[in-house]
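Lettered A, B, C, D and E in written order, each chain numbered from 1.
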Amino acid sequence: MLDLALQFTVNGLVVGAFYALSALGLTLILGLMEVVNFAHGEFYMMGGIIAYYLTGVLGLDFFASLAIVVLVMGAFGWVVDRLLIRPLRSKDTLSTALVTIGLSIFLVNTFLLLAGTAPHKVATPFPTAPLLLGPVVINETRLFAVAVAAVAILGTHLLIHRTRLGGAMRATFQNKEAAALVGIDVERIYGFTFALGTTMAAVSGALLGSIYVAQPTVGGLVSLKAFVVVILGGMGSFAGAVIGGLILGVAESLWGGFVSSGYQDVIGFAFVILLLLVRPYGLFHIRSERV
Amino acid sequence: MRGEGRILLALLAVAAVLPLVIHDDYFLHLLVVAGFYVILASSLNLIVGYVGELSLGHAAYLGLGAYAAALVTTRLGLSPALSLLAGAAAGGIGGLVIGALTLRLKGPYFVIVTLSFAEVLRLVASNWVELTNGPMGISGLKPPDLALGRGLVLAVHSQAAFFYLVLVLATLALFVMYRFVHSNMGRAAIAIRENRHVAQSVGIDPFFYALAAFVLGALFAGLAGAFYAHYFTYVGPEVFGFSFMMSMLIMVLVGGKGTLIGPVLGAVLVTLADEYLREAQQLRLTLFGLLVIAVVLFFPEGLVGLPAKLRRAAAMRGEARQ
Amino acid sequence: MTAVLSVDHLDVAYGQVQALAGVSLAVEAGEIVALVGANGAGKSTVLRAVSGLLRPRAGRVSFEGRRIDSLSPRDILRAGIAHCPEERKIWPAITVAETLELGAYTRRDAAGAERDRRRVYAYFPRLEERRRQLAGTLSGGEQQMLAIGRALMSAPKLLLLDEPSLGLSPMLVDDLRRVILDIHCDGVAVLLVEQNVHMALDLAARAYVIETGRNVIDGRSATLLQNDALVRAYLGA
Amino acid sequence: MSIRWMVAAAMVSAAVAAPAHADSIKLGVIQPLTGSVAYNGTSFVNGAKLAAEEINAKGGVLGKKVDLDIEDGECKPDKSVSAAEKLIQKDQVPVLLGAFCSSATLAIMPVAQQAHVPLVTGVSSSPALTEKGNTWFFRATETDALLAKGFAKILHDDLKLTRLAYLGVNDDFGRGAVDEFEKAMTAMGVKTVLTDYFEHGTTDYYTLLTRGRAAHPDGIFVAAETQDGSILVKQVKELGINTKVFGVGSWATADFMKLAGDAANGIYAAVPYAATMPNARNKTFVAAYQQHYKEYPGKYSAAGYNVVNIVAEAIARAKAARPDAIRAALEKIDYQGVNGAFRFTDKHQAYGFDEVLVKLENGQPVIVATTTVEKP
Amino acid sequence: MSAALLELDGVSRHFGGLAAVREVSFAARSGEILSLIGPNGAGKTTTFNLITGFLRPSSGRVRFRGADITGLKPHRVASLGVVRTFQKTNVFGGLSVFDNIVTGQYLKARLPYWRTWFPGRVASARDADMRRNTERLLDFLDLKRRRDDPAMSLPYGDLRRLEIAIALAAGPELLLLDEPAAGLNTAEAKDLVRLLRVVNRDWGLSILLVEHNMGVVMEASHRIVVLNFGEKIAEGTPDAIRSDERVIAAYLGRRQGEP
């Protein structure tokens, strides 16, 4: 029983790390920019499909492909922000949510046309043999993937907290006018943040595409889980997103393990509902209450 | 009677004679589907258009209504006429509970929590096999024949009969909404959308009226769900799915939110466009996505706002010339 | 001496609302000029138009002989005008030290920025003590110091100060007065918007009084203080 | 009072539903071409297109070309009904082929019945479909019960199974397959140690499989399609679970084996069709399919191919492309398909065709056992 | 001048550690125009929010006609007859001027909810009443020309009058106006003073006014309460306030060297 609980916890932590990774981009776009981005899962999907073409069809090395995904999707994110999000910057949640719903429909179906309906697998750079750690089974692929996820999360964290650009991002989202007054080009920061969020989603899609599958229709579920993680983590908090991801992963794993798999997906939504009923602004969110 | 009411009456008159001149069952089928979406989109519009909150959980009430209708007819053997009522009631109660819990949330939180409720219900529908038959769904629903008295049965079997049924339901829904919107209650709901603070300062309770509109919207979504169940004769967990949500949202948006006519036009046009775009085969959903983007960016007021937009543009040109 | 900043017949509107109608003023190099007037008269709007946060509808703004009224805030900052906005607008979750770093965002000379940082810490020793604290945890007075320090980090030739004494206790106002004089002594011109008229007129050599978006009086501070029109502008006739 | 004239109008329009173009016979196809099962729907359509092409190359049916009228039903009941209405009313097809998901098929069955147009599915496997008493509906494929009945004994005897864990995708197909196999295996004394379902699109099965492992089964039964199934069997290997894995779904396909990689080796699949089936008819089909699509046909490609051929043969036998005539001919059909013969029972369930148990080895589905579906 | 209509009794409000309003007590009498003045950040708008329920006091009580209304929700406060306007102009932007004023009469137009769907004669009579009342207000506030324009297209001066029209439409007993003269030119400000006087004298409304335009304050008010740093520093007639040293110091700042 204890062994089992341990195995479930480890499974949950691994999956939680993946949830956190795939939600990081949304933390930026939803949490900081307050764009309810329904195309998040499609950005993830695009990362996977592009990586599949690069590794599976063109035979490129996985990490070289990852670099190309970063460049391509960064540029794509920038363009999306410039054309679709920027004109709606001063509008309400509704408009940007709708435009991303449109984008999501467009991307799924365009990729169904371009890449076909079949699931694909991104060539994995890691060995897949099982690995025993005491009573717990894990395998190298997952350890590597968790390591890459950790590096990506840490890297982005450092980018945001240790670089001049990151400082400009934080300044912009904490007070736009003051940011403009110290010479930060606010629009460029918005564009960059959106591009970074897009890239993060795509990178996680490429990485997880090597573990699961890459397919034009995977986005919807990814978006939903990412929304859950970002809300649990408290909108815009990086550490929160990681904790939110891990909580979700472990809770799902324990519930699925000891109760029933059928309702496993309910957990996240139930958490979100309960959390927001008790704390309407999320777990790690601090907000002043001035009118 | 205001302009909006007159246009709706005219549309009703046109719709009422359609089956007399059109004998194409396929086209009638599309009109029935459009009628279903008229009810659904109008009900969503009460929340999105009049209260001004983006509820992405509206499929929850559609689903509750559909399952309620399916269950009371197949399990309890109630008459289909009663199942329409049961569907509306289920939707309304769902709206009351979910609205009471979510309406104090703002912005992205409200959006995602309402969506979460619909997802939870979808998962319950597909896992509570004993009640809902799980993913296999409930099939073989009977047409909603209306017993008018001893031996007097209004049979609803043909497309035309279904069309008249949906026309009656849609008329009822729009009448109730029309009265609501053009009453003190509706004005209060609109006031909240336009300026919450001023609304409060003239004595309007924002929570109460947001909830009232929410429940009314959910009730008609439930009614639409019950109609759906009887028309398509099959109800499965997909009635809680996001694709219905997207369809009705797009209709509200394309037609013009915050007006009664907008969602009606939107529902009819989008239903027909979706169907006639079949010719474009797989490209159609790609085009659909682009259409949504274009509407948000270039026609935020939808089709209904188009004449005003054109007038403004003409006025601008006129000014420029002077 | 010639004016470094000159504002000529500035018109600004917020949508339909005309906020400024033909406001003119000038600041000479190294000079402190006060801009006073009742609330809602448009003082902050003048500063926002100068620093590029608002686009004027008509009129012109020149700095060191160059027209700047269509430049971005970033370019105006680079030209040498820093704006310390009303209500401080600090970044609550960024540390004091980092806020100052960001103040030097457009600068490329690390040595100069370092020098300016030391200068800011010299003006405000409290900030150095609290350099690792998040700005949101500072007291109101410290936040005001931080906001001024941030503006100084771009090594401006002209500092636009908007209501720096707002919400400060009398003791802090005295400190603030001294710092503004120090900044002035270091050769920075200051355009000061203040509701504390005495402080403003004590500091400034010259002052402009505006009322409902229009210039009403201007002149040397010493004479203005004797002017009944000034009291009227504040307390009504 | 019934709205009699309306019913009459409906009947008139149904009666005049005759082929619109004299030079071709239209077959209405409803499959999911978008959405998450589009992959399988596309396979079906590929098989169907190949069949139509071959028929037309041989001069068509009744001297007319066969023309597939393909609509996207998205696997959704409402969209499938719209597609059916369009095909029947607007295009006036005399017969419908579809749909994929049982829920969509359930929704269009009454439409076909009311319009008096035969509906032939080559995919939907829910046993309930043929129990509805719908005389216009035909199923030209196995049901889960038939598959279970055919292979339970072989599995039990050959694999020496005693304790089984059943994992199924949470939809009509997965639940139906798990139910039927569990029933059949239990009847032979096999103990059920775990039954559980997962949502379509699940990516991580570690928790489910950990539970499976903890129940100490000597065999794991899986009901899932390509995407879910390939990830699942891969994770079985990753977790170091060495029990035998077998299941149902489109597993005997190149795609499945490619996605699952090494993990596919040694897995058993009970399928109504595998490209390695040895009969001559199949060899020609596989060759033609490979030439067209550069891949091996799978279960759904074969289903599409079969159904078009069955319907074409019915039309040829009926000597008319009229719905009622086609229905009558279908009831008496005896079609030799790529996987054996197809005949229909009184309830319009197909029988007489072969089913195979394959073992996946090095990217090939090796046939372990073959059984013919008896008349139930 | 009669009894106290609105009483604040030791009302405080803290934000974090900061006291925005500290132990403020004053009373507005029935039938008077009372002004609340003070430099920026003195806590005037916060006081408004505390009275009207948009903020809950940290301590202290607010009473209206003797009844405790501390912490009531804004719409409940409004339904008792305390109606406010906002500092930054607030109207129902998307509605026409006419509909803005109709909406303002929400409280008067209330009927049992079932009447929404079965309006009958009662509702149409009520509707006709409201329309008449609306036309009257349009006339009174010189907005007739703008009757059917959307509120957001109005010029500033009209907008500020519309805001007051909405508040008047709500039928208040006590009207709270937050900087109604901000952004008005001299002539418009004079009109405003006239308007306030008419409303006060002829309609019998009591008014609590927050205003920076001292011309308006001095001319319109019967009495004035002065806040500084969240505390009340003076209370009295306009003449008394004008010559109060503490008030002058608060407004103009202390001279150097003064205590």
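Rule of thumb we're sticking to: contacts are C-beta pairs under 8 Å (C-beta built on N, C-alpha and C of every residue); 3 or more make two chains touch, one makes a residue touch a chain.
If you're wondering where the values come from, they're calculated on a predicted model, not measured in any experiment.
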Chains touching both chain B and chain C, listed by label: A, E
For chain A and chain E, chains touching each: B, C
Pair of chains joined by more contacts [C-beta pairs], A-C or A-D: A-D
Chain located farthest away, centre of chain B as origin (C-alpha): C
Chain whose average C-alpha position is farthest from chain A's own: E
Distance between chain centroids, defined by C-alpha means - chain C, chain D (Å): 76
Chain centre separation in whole Å, for chain B relative to chain A (CA means): 32
Inter-centroid spacing, chain D versus chain B (mean Cα positions, whole Å): 35
Where chain B touches two or more other chains, by residue: 123, 126-127, 282, 285
Contacts with 2+ other chains: residues of chain E: 54
Overlap residues in chain D, where contacts from two or more other chains coincide: 33-34, 170, 197, 199
In the complex, chain B residues that touch chain D: 19, 23-27, 29-30, 33, 123, 126-127, 129, 134-137, 139-140, 148, 152-155, 157-161, 164, 228, 232-234, 236, 238, 243, 275, 278, 281-282, 285
Chain A-touching residues of chain C, taken from the complex the two chains share: 51-53, 72-74, 77-78, 82-83, 85, 89-94, 98, 101-103, 105-106, 147, 150-151, 153-154
Chain D contact footprint on chain A (complex, rising order): 4, 7-8, 11-12, 14-15, 18, 109, 112, 116-121, 128, 130, 132, 137, 139, 141-142, 208, 211-213, 215, 217-218, 220-221, 252-253, 256-257, 260-262, 264-265
Chain E - residues contacting chain C, complex: 18, 39-41, 153-156, 159, 179, 182-186, 212-219, 229, 242, 247-248, 251-256
Interfacial residue positions of chain E with respect to chain B in the complex: 52-54, 73-76, 78-79, 83-86, 90-95, 99, 102-107, 109-111, 113, 115-117, 119, 123, 166-167, 169-170
